[in-house]
Structure formats: C-alpha cells, structure tokens
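Before anything else, here's the structure in question.
We call the chains A, B, C, D, E and F, going by the order they appear; numbering starts again at 1 in every chain.
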Amino acid sequence: MAELALIIVSAVFVNNVIFSRFLGLCPYFGVSKKLDTAVGMSMAVIFVLTLAGTITYIVQTYVLEPLNIGYLQTIAFILVIASLVQLVEIVMKKVAPALYRALGIFLPLITTNCAILGISILAVQSKFNLLETIIFSFGSALGFGLALVIFASVREALETREIPKTFQGTPIAMIAAGILALAFMGFSGMVK
Amino acid sequence: MLQLKTFPKGGIHPSQQKISAQASITYGEIPKQLLIPVNQHIGRTANVVVKKNDVVKRGQLLAQASGFISSNVHAPVDGKVMKVFRFSLLGGAIGEVIQIQPDEPGKSYREVLEQDVELSVDLNKLTAEEIRKRIQEAGIVGMGGAGFPTHVKLSPPPEKKIDALIINGAECEPYITADHRIMVEQPAQIIQGIKILKKLFPEVPVYIGIEDNKPDALNMMDKAAAREEGIFVVPLKAKYPQGGEKQLIKAVLNREVPSKGLPMDVGVIVQNVATVLAIRNVFYHNRPLLERVVTVSGSLVEHPGNILLPIGTPVSYIMDKFNIDRERVRLLLAGGPMMGRTCHSFESPISKTTSALLFFDEKAFVQRQENPCLRCGNCVSVCPMGLDVAIYVQMVQKNKLDDYAKEHIMDCIECGSCTYVCPANRRLVHWMRLGKRIIKREN
Amino acid sequence: MNIKEKAIKSFFMENPVTGLLLGLCPTLATTTSAENGIGMGLATTFVLLSSNVVVSLLRNVIPNRVRIPAYIVVIATFVTIVDMSMQATLYQLHKTLGLFIPLIVVNCIILGRAEAFASKNTVWHSFLDGLFMGLGFTFSLFILGSVREILGSGAWLGIRLIPESWNTILVFVLAPGAFLSLGFILIGMERLSRLFERGK
Amino acid sequence: MVEILLPGFILAGFALISASGLYLASKKFYVYEDPRIDEVEALLPGANCGGCGYAGCRALAEHIVNDHTVDTPCPVAEPIVMEKIADLLGLEASVQEKQVATLLCKGTHENSALAMDYRGIQDCWAAVIVADSIKDCAFACLGLGSCVQACNFDAMRIENGIVVIDEEKCTGCGICISHCPKNLLVLRPVSQKTIVTCSNTDRGPEARKACKVACIGCMKCQKVCQHQAIYVEDFLARIDFEKCTNCGDCVEACPTNAIEMRGEQVYVTA
Amino acid sequence: MSKQESGFKVISVLVLIAFFAAALLAYVNKITREPIARNMKEETKQAVRIVLQNLGQFDYPDDPLDKSLTEFTARYFTAKNASGQIVGYAIIVKAPNGFGGDFDLMVGIDSTGKVLDTYVLNHKETPGLGDNMKKEDFKKQFRGRSLANTRWAVKKDGGDIDALTAATITSRAFTAGVKRALTVFNVLNEEAKQ
Amino acid sequence: MEAKNLLIMDSSPLGLAGESTRKIMYSVVLSLLPALGVSFWMFGWAAVRVVVLTSLFCIALEALIAKFFNSKIDYLDGSALVTGILLAMNLPSNAPWWLLLIGSIVAIIIGKQVFGGLGQNIFNPALVARVFLLISFPLQMTSWPVPGQFDGTTGATPLGILKTEGVGAIAKLKTADLALGYVGGSLGEISALALLIGAAYLFYKKYITWEIPVSFIGTVFVFTAIFYWINPQQYASPVFHLFSGGLFLGALYMATDMVTSPISGRAKLIFGFGCGFFTALIRLFGSYPEGVSFAILFMNAFVPLLDRYFPEKKFGMQS
C-alpha cells in the first residue's frame, strides 16, 4: 500500500509530467488559456491516460513480449491509443452526450498528447505490474491536471496584469512555467 | 441608551467636517430666474406640459410624469415660462430645463411659505389609496440623493409583506447637515409625516436611524417620538456609509438585502427624513415638492449654513448669497465629498436631490497619480458590500471581466470607501462605475 | 516555390518551435546541450522528411476517413527506424535523448505537416517542406541547446568556455532553466522574424 | 522470412481489429451533426495541436460552423485554408464596397472649447459617467480615445481633441462604433464623399453657442439639393447615401461649414 | 467527408499499411539487432577499462557474473592477464542511501585488495553538489585504500574520507559503496584461493 | 487652453485616507530593522555588505529599467529596496558579490519586471531569486558562516544538520539559542524573536493580517508534531522545526507579501495552510533541508485560484 502511495506522490509532485518529465507540453501551453478548458482537459487526460496505461500494459505483456517483437512497441502503442481515443469519443458521444460535451471535445487533442504515449512507455520501462501501472498512469495524469489547472489560473490572472508588450502571450507563460518548475524542484528527492 | 448599532462589515471613518451643524436653516429670496430641470428623478423623463410665454402659478404642473416610474415637476413660484432648452445640470448631466421668470424676484421665500395655510389633517379619513395618489401627484422623490419616485417605493407588490419602516436620518457623509437641521428644527413635523406613512402600513414599527454624532437631533427626535406608539429612535454608531439603504437595514434590523434585491425583499421600506417632511407638507399645506434644504459649505465658504431654496435656484445665486469668490472656486460638489458629483457650471440649478453644495479651491483636490495595485486588500476590507474590488478593477482595466465579476460588480453602491483607503491612489470607484457601464453596454 | 524564402520562413516566421509553438516536449527536454539539440533535431528532420515523402506518395491511395491513423502508422514506422538505427550507431546520444525518440511520433509538427502539406502537394514539394521545417526545428533546438549549455555548463558543443573552477548557473540545464530560456528566445526570434519581414 | 512476415501479420491484425472496431462503433453509435463541421474539419490540418486555443481541430471546426465566423485562424495551416473555409460557408461571399468608419463631429478644441477640467480616467465611457460631455457641445467627440483603444488596425488617433481616422488602414470592421458613448461613428462607403460632420440636435442658437461649426438646422442645404439627398431632422442635416451624388452644392450652401467634402470631389452624373 | 468510402476499402488500406510497416520494421530490426546488443554491453566494458586502466594488458569476460552476499548483491568482472592469472576485479555495487537513492558504482580493485579507481554508472545525486563525486578531486583519495588500511567512514563520522562540501550524504553513500566492493573482493579472493 | 478657469470634474470620492505605496514599503523596511540588527551583530560587516549590495543592485536595476524601458517605474517607491533586503535575508553572509548580483537580476527582472513591475508579479521576487540561486549554486547556498565567529568558519544550518546527521545531532541545540538566532543560517533565518518584533509593528499598522502567519506556522507545528509523536527517534521536535530555518521569515514577511498572497481572510488561511503543509512535507521527506521558499513559491501559483474560489463574503449572500 505504501508502495502505491509513493508511486502517486512521485508521479504528481516529484516527477511531475510537465515540470520534470517534459511530457504533454503542447496541450499544456495550448489549452491553459482558460481555466474552464483546462479543467475539462485535465479530466479527459486522467480518464484516457489511466485507460491507455492499462491497455498498453496488456498489449506489451501478452502480445509483444511473448512474441519477442518489442521493437513494434511504438507503432503498436500509438495505434492502440489512437483507436482507443477515437472509440471512447464515438461511444461517449452516443451514450453520455453531456459528458461528451464536457470532456469529449478534448479527446482528439489527447491522441497527440505525448504524455499518453510517454507514460505508457515509461510504465513498461519501469517494469511495473498491472496495478502499479494503473496507479502510475493515474498519478501522472493527476500531476498533469494539477499543473495544468494551476497554470491556467495563473495565465488568466496574467491577463489582468500590466505585462510589457514584449513579454505578452507565450513568453510570459514560459517564464511563469519556469518559476513554477523552480517551485516543483523543491519536491525533488522526496521519493528515492 | 442601548448599545449603539452599526453595520458589521467594512466602512470607514472619514473626517466629519460637519461645520454647518449648528447653523439654523435660513431662507433665501426668489432669484431673478429659475431653471427647473425636467428630470430630477430615476425613471422615465417627464413630459413638459407648458410652452414658452405660459403664465404659471406656484404649484402648477410643469411636466407630467410619463409612466409609473416617473415623477411630476411643479412650478415653485408664480411666473412666466421663458423657454424650454437643454442645459448643464448639477453633476455633469445635460438635460432639459424650463426657464421661469418669477413675478416677484427678490421676495423672501419665507414670506411665500408663510402664505401657505396650515391645514388640519384628519388621519382617520385618509385612505391608503388617496395617500399614495397624492404623493405621486406631488412629485415626491427620495431626497437623500438617488431621487427614486417615492410613490413607487410605497407601493410594494402584495406578495412582499412589509414589517418595518426605517426613516433614514443617518446622514453619514461629511459636511452635509441638511437632514440634521430638519430633525433639530422640525421634529414634530417629521413625526406627522411618519404618521401619514404609517397609515399605509398599519401596525408596522417605525425606526428612525440617526448616527450618534448628532446628539441634538437624536434628542429632539427622541422627545418627539416618545409620545407616539410604534416609533422608535435608533442611535447608530457613526460610520460611513451608514446612510446607504442596505447598510442601514443591516445596522437597524440586522437583515441583509439580497444581492440585486430591494429593501422590500426583506420586508422593509426606507425613507429619508427630508422626504418624510416633504410628504407631510403635501397633506398639511397641500404643497407639492417645491423646495428643499441645501447645506452650503466647503473651504471657500466663510459662514457655512443650511438654506431653504425653491427648486431651480441657480448655484450663482447661492454664491452671491454666501459671498463666495468665483475666481477661487475650482471644485463645486453637489452632495458630499464621498458620493457627491462634481459640477462644471455656476448657472446649473439645484434639484429635488441636491442636499449640499460644497465649494473648494484647487488645494482640496487630490492629485490622483494612479499607481499599480499592490493587492493590499484595503479596498476589499472596507467595502461594505464585500466586493473583491481590487480584482474586479484589474479586470475592468483590461476589459477582461469574467462571469463572476460581472455577477457582483453590479452590487457596488459607489460609496467611495475603497478609493478613500487605496494606498496606490487608484480611482477604484470610477473603474467600478466604468465596469457597470461596460456590462450594461454589453446587455 | 522560392526556396530561399521558404527557408527563411521555416527558420523564423513559421519556425515550428518559436513561431508555431509545436513540438515543445522534445524542445525543452533534450536541449541540455547544443549537441543533444542538434541530434534530436536531425532525428526529427529525418522522420519529417521521410513521412512527408511517403504520405505525399500515398496521398491518392489513402481513404479520407482513415487518413490520420494511416499517417500515424507511417510516422511511427520511421520513428522506430530512427530509434533502432540510432541505437545501433549513436548509442550515447540515443541514451541521453532516451524516451523522446519514440515520442517523435506524437510531435505535432510531423502529423501537422503530413496533414496540412504532404497530403495535398507533390512529392518534391513535400520533400522540401519536410527538409526545411525539420531544419527550422533543428535550428531552434540548437539555439536553445547552446544557450542552456553555455549558461548551465559553461561549455559549447562540449568545448569548455570558462575555467573549471568557475561556477555555472546550474538551473539552466534543469527543467526551470529550459522554460526560462525558451521564454527569452521566443522574444529574440520574434524580433528577428520582424526584421526579416521588414527586409522583404 | 517468417520473422519478417509474422510481425507484419500481427500489426495488420491490430489494425484490422481497431479499424473494424471503429467502423462498427461509428455505425452503431452514429449521432447526427451538421455535415459542414466534417467538411470544415477535413480542410483543417487535423494535427489537433490546440495551437488555435480550441481543443483540437474538430472543436475549431464546430466553432467556425456554429458561430459562423472565421475569426480564429489555424496557426498551422496555410492562410489559404481559412479562405477556403470561408468560401465553403459562404462567409464574406457578397463583395461589398469598402466601408470606412467616419466621425460625425468636428468639435476640435478650437471649435468647441472644453467646458471643464476633466481629471478622471482617460476613457470616453469613464468620462460620460462624470459628465455628459466635457466640451461645450453636448454631442461632441470627447477625444479620450475609447475607439482608438478598440481599433485593432491602428487606424485611429486623437488629434486636437477629436479622433482622426486613417481611411487607408480602416477595414470597416465597425468595432469602434459600439465603443463610442456619444454614437458619433458610422460606416460609410468610401465613395461617399459628402458628410455632415455634426451630430448636434439642439436648436440653432444653442448649437452655435456650443460649437463654431455646428449644424444649426437652417435648411439651406435641403433647399439647395437637387437630388432630395439631404434633409433636416431635429435641427440636424442628414444625408441619404443612396441618393447623394457628391455634387457639393450643400457644402457650398452651408453657412457654418458643417458639411464637408472628403478627398477629391467626384462628380457622379445622374 | 464528401464521398462515403466503403467500409471494406477503408479497413483494408489501413491493414495493408500496417502490414508493410511492421514488415519493414522487422527487416530493420534484423539488421540493427546485433550492433545494438553490442553497444549496450560496450558501455559497461568501457567502464571496466577505465577503473582497471592501471593494470596494463588484461582480459575479461563479456558479461559480468553475479555475487550475492547476505546484505546485498554485486556483479563483477574478473580481469586476467595473458597467462590467465587474476590481476584484478571490476565490481559493480549499489552505493546505498544516496541523496537521490541508491546509485550504481563500479570499483576497480587490484589483486592485493587496493582500490584502483571508481566509476559512477548512473545516479540521481544533486547536480553541483553530489555529482561532484565524479570529479578527480574526490575520487583520487580512494586510490590505494584497502579494507585494512582505512577507517571506512567520512571524517565527520570518525573515518578517513574527506566528504564533499555540502554533500555529506552522497559521500557517505559513496564510501559505503566502495567498502561493499572491497568486501565482495575479499569473498572473491577467498574463493579464488580455494 | 485656458483650463485655469474651468472647474475640475472627477469621479467621487475626493478625500483620501493618506496611505501610500511608499509608506507601506518603507514601513516594511523599518520593521525589518531589528532582524537586520541581529544579523549585523551576529555576522558583522559581512552581513552589512550583503544587505547593502543587494539593495543597491536591486534599486539600480530598477532604475536602469525605468530609464530604458518603462519610464512609469518609480524605483524609489521602496519596493525594490524591500526585495533587496528580503533577498539579502535569504542569503548567507559570505555570499560572493556575483551571487548577489545574479540574485538581484533574477529577482528584479525575472521575478518582477517581466510581469510588468510592482503589483503585477505572481511570484514573490525575492523567493524566485532565492530558489534560483539555491538550485544553481548549491555549494554557496548551503554552507553558512557560524554566527559570532568572524574567521570565515562555515557550518550547516540546524535543518541541514538534521537532514545529514539525523535527530541525534541536533539534540545539543538549545531552543533559546534557536529563537534568539545563535545558530548558523542566512541573514534573516537566525532570529525568530527579532522578526516577531518587526512583524508586530506591521500588525499594528495593519499592513499584514494574522491569517497567513498563524495558519502557516500552526500547520508546520501540527504536522511536525504528528511525526515527532509517531517516532521521536527519526523526526525532530515541532519546537525545533518552529525556530529553525526560515519559517518565521517566510511566514511573517514572504508569505504575507501583499502582491503575491490572496486577498480574503478565508483564502489567506488556506494559503497559509498550504505553505505550512508543503514546508513540512519538504522538510520531513524532501532532499532539501528547508522547504519554506519552495512552499511559498508553489502556493503563490495557487493565489489566483484561491482568489477566485474563496472570495470575500458578499453582502446579501447570507441565507
């Protein structure tokens, strides 16, 4: 149990997807302009990443490894993730339209979120078992969501500040992210 | 005396400056010409019913209310209509005025008033219907500043059960002493007015809220009310903006008017003392709203005082009367320094809502160099409405109002407390007003 | 197509990183040194170029509805090829770039160019587009890598610039420094782009 | 050979399962949507990078179709793509003559003096909270530049107390119109040269007192116009752009110079 | 999507592409498998050459052997000279409880049990502090030390080792790691004698 | 224009309470004097040198920016001075001049001016600089001169000792020494008492409120107490945690920075709790001995969220 808790803490704070692993930065900067959007995106990522982590684990353990074709990992994973995302989108649209309106619109964006593929590959590399993989994927997504939501609120606040013209837009966002990364450095070494 | 009541959240203690508090109400003369503003109230503009060269009598209707939320305007003196045109009013607005050439310029207004017969009023014979109708016809509006037609306030829809009446004698703004003097000099008449209002809401207790910085007014009102049943004088701890309707209700009854709501939503009707006096005069003198008491004060006024004047009297008349040097005046305020409005013409006339005229020179004006917001939170802590002023203002400045701010910014009562305490010297109220304006424009 | 203009465009105005803000993950993660930046950039360029060519070749064969999955498969194939060949020949570099080689698959530039350009243009034009976009990407990675290496390690392309005993600003080789440097480089590149635009 | 074919079959299997799964799912869970969304999405790059601020290409397509606007360009696509989309949706289809914003006031500091020393927030809307007008004329341009701030094309500037519009830069987007608290801005076709540069509806004497170049409602222009294109209403001359031929008769007739001819005079023979 | 393509065509194109992609990859894999495997070993072997570089000519096996002691396990390479005599060992141990957790350390030991050199294989110590253990200034003090001639602790704890400035924990871990390697050497040496 | 005769028009109100940015800033400077005094006494001229240099650097940098980029900046409004002094209080007294210069550049430029200057920054400038330096120059930032000894002897802070040596090593430290500042550390870390005296003045002037310091310090106390109670052999006592490190400096001066803390009372309580929680977390489990600066910087990022979701209680929103 303590093991699993450590995996979560590590994934959320210590090895935060954004600030430590540098994964999923495109949506991080793209979707963090508005708080509402950021919250929706975070939810969608948590859902999809947990699911994707689980399924890629199964693909790796029961197909790729027994057949000794580990080099197909990238292509197999991305194929699985892309279809999975699209499947979820199609099904959600029909079965739960309300949920689709809230989360579904973020789904296409997730296919090319490198956090999904990256975390799936990392989970395999870390030699986690199924439960650990699920927890790890979930925790990583949670870390992504946390970073995204804070950052979106910071960017919304920046909109009301007197940012010099030169720094407006992405440059100031980068600098704010840099300072946030400084703060995240404080968590280093918490999980060994 | 009981423990002093006040509203709990926010508020400030600006320097009182009630230098005219002991000056009895004086009376002016009829000026050479009067400019009667057609629109002296909140609501639809009245329709002018006189033409150039018409001869009008004192009390004659000049403009007819154009709907329920509107108000009549009457001629305060006998005279001739010269013309109807657009002119600068007190407070920066430009609006239609009716220019009247009085028949007897220079005649003491006191004499005019003394010609009005004192009628005896049998309260038992008055019906609620009749009272409302006569108040409406007399063009009575809230004389505290806003100018909301009084008959509308007194006609709550039947589903709103009124269980308390509050008479607003707080007068929390610095300098202004008009209501104070009325309470000192005419307490019995105010009580007569209250008793007329009580006919509309029988059995409902009446509270007269007066701040403790006016002990003589408290004393006089206390004595006058002592003989009456169901009328209570409530002494209040002096704090600005206690005279705000919502703050007064909170202070007196500890009830909170909901956001975007009206006092009647918590079963209360608030009337200003001057308004009550005007109502009284409708019944005891058969006189519509023709005049009001104006405090004349400020650093350039040698002998500050309170003067009763017919509505439409130009500021220049008052300046002559009080010996105010035109060359030195740089700042003319209609109302108090916290919520009053600056004016730009000495020819503008006083209206039903002009409670004070303050004259200052350049020194009184604070050079506002707006500095960046420090987010110190002073504005938030003094805001009697609990608004996050600093945050909203930043949004207004960048035109990035979010839904949350839009929902609350309209609750601002523009009392000015935030601007008063801002260390960065920011024009917070002005920005808030601008924010309101932007929201209205969007809708 | 004017090649020179196209080159300037993809290096400055439409630079994938500083102009379009695409492919940020490898940009920030792998630029601890100028050399790593170039390595990552060239790997991406190869994939971009090859997939652009193949997608352009297949543009009339692939049905519209599965074009995205099909492109992804094509891209993933080249990525894996790069991955394996780098591991075989440039082992040390591959080790530092690590996870980010397979992640080239999800670099938006590649899919974006495949979709926006290669699927609608001839093979030769797609080749040029892939080449210049890739080099533009490499260029910004090189710049970022140089800044971070010089400030953070006191060296450039592995050559020590200041005495061993001097302190370097370590933060620049770490995550916060990556964001901060990119923030300032964005401003510099914007200025440069404007210069070029005015020069036209 | 097996070691090459086997992986091929396995991956083909993956592809088969996912493709047919998706195909079946899209049939079974079909939901109707505006088909144009698909068409627009097909034109967009499909990189789903989120660079436009929307959550992916489909979200942008939905925005374009549902809100019927191409205000948010895709940062990845060539500009031609957005033009194609606009064509597809019939946006900007009708070719109109270029319109420009025009200020209906000539109340410079010389013509209509300041009536007060306004010290509040330097913004027209903030000023009208304090006073209806800061100049002698109640209808004058305040010259505090709310429209200048609103203009996205740098086409406006304040000069001598009133706003001056650069007709070259003006795109006729009309955003400034709603930002004028005095409602002094209108759009006019560039070929319309004759304008009444006044909005004062007061009677002649008062209008003249307020501004040297005010329209005093004298009706001379109405009388002189041969095309019934100019008429006086509320003591203010107004021009019907449909009928006006820019002949310039009214300009000459106006005693207060309240009617102006912009640029070169163009005669239109009826 | 203006035209509706048939489901069969859609699926089959995708399947075909996937098939060719995987086949291509399998082919590339076939070519690169060998060099990759070689590269992976090469790194460790490089380290062995560094830590044992003072031994002159020697041979050692391609893959390390495992050695389990009660508290920990280690891997080692045995270096032999041309005549088949053991001239030294390169022992890989986990240095315990560093700042960023355990890290892998390779220690070269000559046949007399003296430390030749050290090499840090991978670590998560703080840049600028702990990772100074890779620097010559710190490493050189270990050369020539053996289990017997040294108190294996940092000076602060009453030993002989100078700790890195402001990185006591890393220094402790490093010291403990070297000590472990020497312990392994003793065991191996005993076994070799038998 | 003959504006002379025209009447002034402006929006009400026309009075002012007489507060100003400068007054606030210089009051903060004043309140820092006791703590500065203690560190001057402890570390001698070295400490004076650090404070003077950082203050000069910070003001000079703002003056340069004011000259070349944004003439609206008032570099003498005291805010740059406060940043300079606070930065100095986060540094060791033997810090080399280039460290002070880099710190000042980071604080004023990256921490403040890129966001638009006074009042616009999201993160506390002095802390941005401190964390930046801590990560970049760990060697210089973790060896501290020993107070009272002017011979350049360096040692670790009590928290540093705790992290490397364990609980046993700090047993000999007396609480009174910790509270009075007779231990190693940065300029402002050393005397909790002097800091409290200064802060009392700010409380009196109402420039800071009780919420953040109380919930910050309280949370650290509670969390460290819980772990101390679980295992006193492994974790230090809460009293030790209270008086060691920069907790008081952080809780009284850095977290309460008006610009980077939330506005409403409720939000301040949560903000303080967050600071305390992450401080305790980093101190107990992280690899850095001190977590105050990281925790505050981290919570700074939450301020917009807190402002939005825990605003002031609105009038008329009862029921």
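Operating definition for what follows: a contact is a pair of C-beta atoms (placed from the backbone, for glycine too) under 8 Å apart; a residue touches a chain by one contact, two chains touch by 3 or more.
Predicted model, so just to flag it, every value in this text is computed and none were measured.
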Of E-F and B-D, whichever chain pair has more C-beta contact pairs: B-D
Longest centre-to-centre distance from subunit D, chain (CA-based): E
Maximum centroid distance from subunit C, chain identifier (CA atoms): B
Geometric centre distance via CA averages, subunit E-subunit B, whole Å: 87
Interchain centroid distance [CA atoms averaged], subunit D/subunit F, Å: 50
Mean-CA-position distance for subunit C and subunit A (Å): 22
Distance between chain centroids, defined by C-alpha means - subunit C, subunit E (Å): 32
Residues of subunit A touching at least two other chains: 26, 30, 69, 71-72, 75, 79, 82-83, 111-112, 156, 161-162, 167, 171-172, 175, 178-179, 182, 184-185, 188-189
Contacts with two or more other chains, residues of subunit B listed in rising order: 92, 330, 341-342, 344-345, 365, 368, 372, 391, 427, 430, 433
Of all residues in subunit E, the ones touching two or more other chains: 1, 10-11, 14, 17-18, 21-22, 25-26, 29, 99-100, 126, 128
Touch relationships between chains, expressed as pairs: A-B, A-C, A-D, A-E, A-F, B-D, B-F, C-D, C-E, C-F, D-E, D-F, E-F
List of subunit A residues in touch with subunit E within their complex: 69, 71-72, 75, 79, 188-189, 192
Residue ranges of subunit B in contact with subunit A within the complex: 372, 391, 394-395, 397-398, 400, 402
Of all residues in subunit E, those that touch subunit A in their complex: 18, 21-22, 25-26, 29, 99-102, 124, 126
Subunit F partner contacts - residues on subunit D that touch it in the complex: 109, 113-121, 126, 129-131, 134
Contacting residues of subunit D [partner subunit B, same complex]: 115-117, 119-121, 123, 125-126, 128-133, 138, 178, 202-203, 206
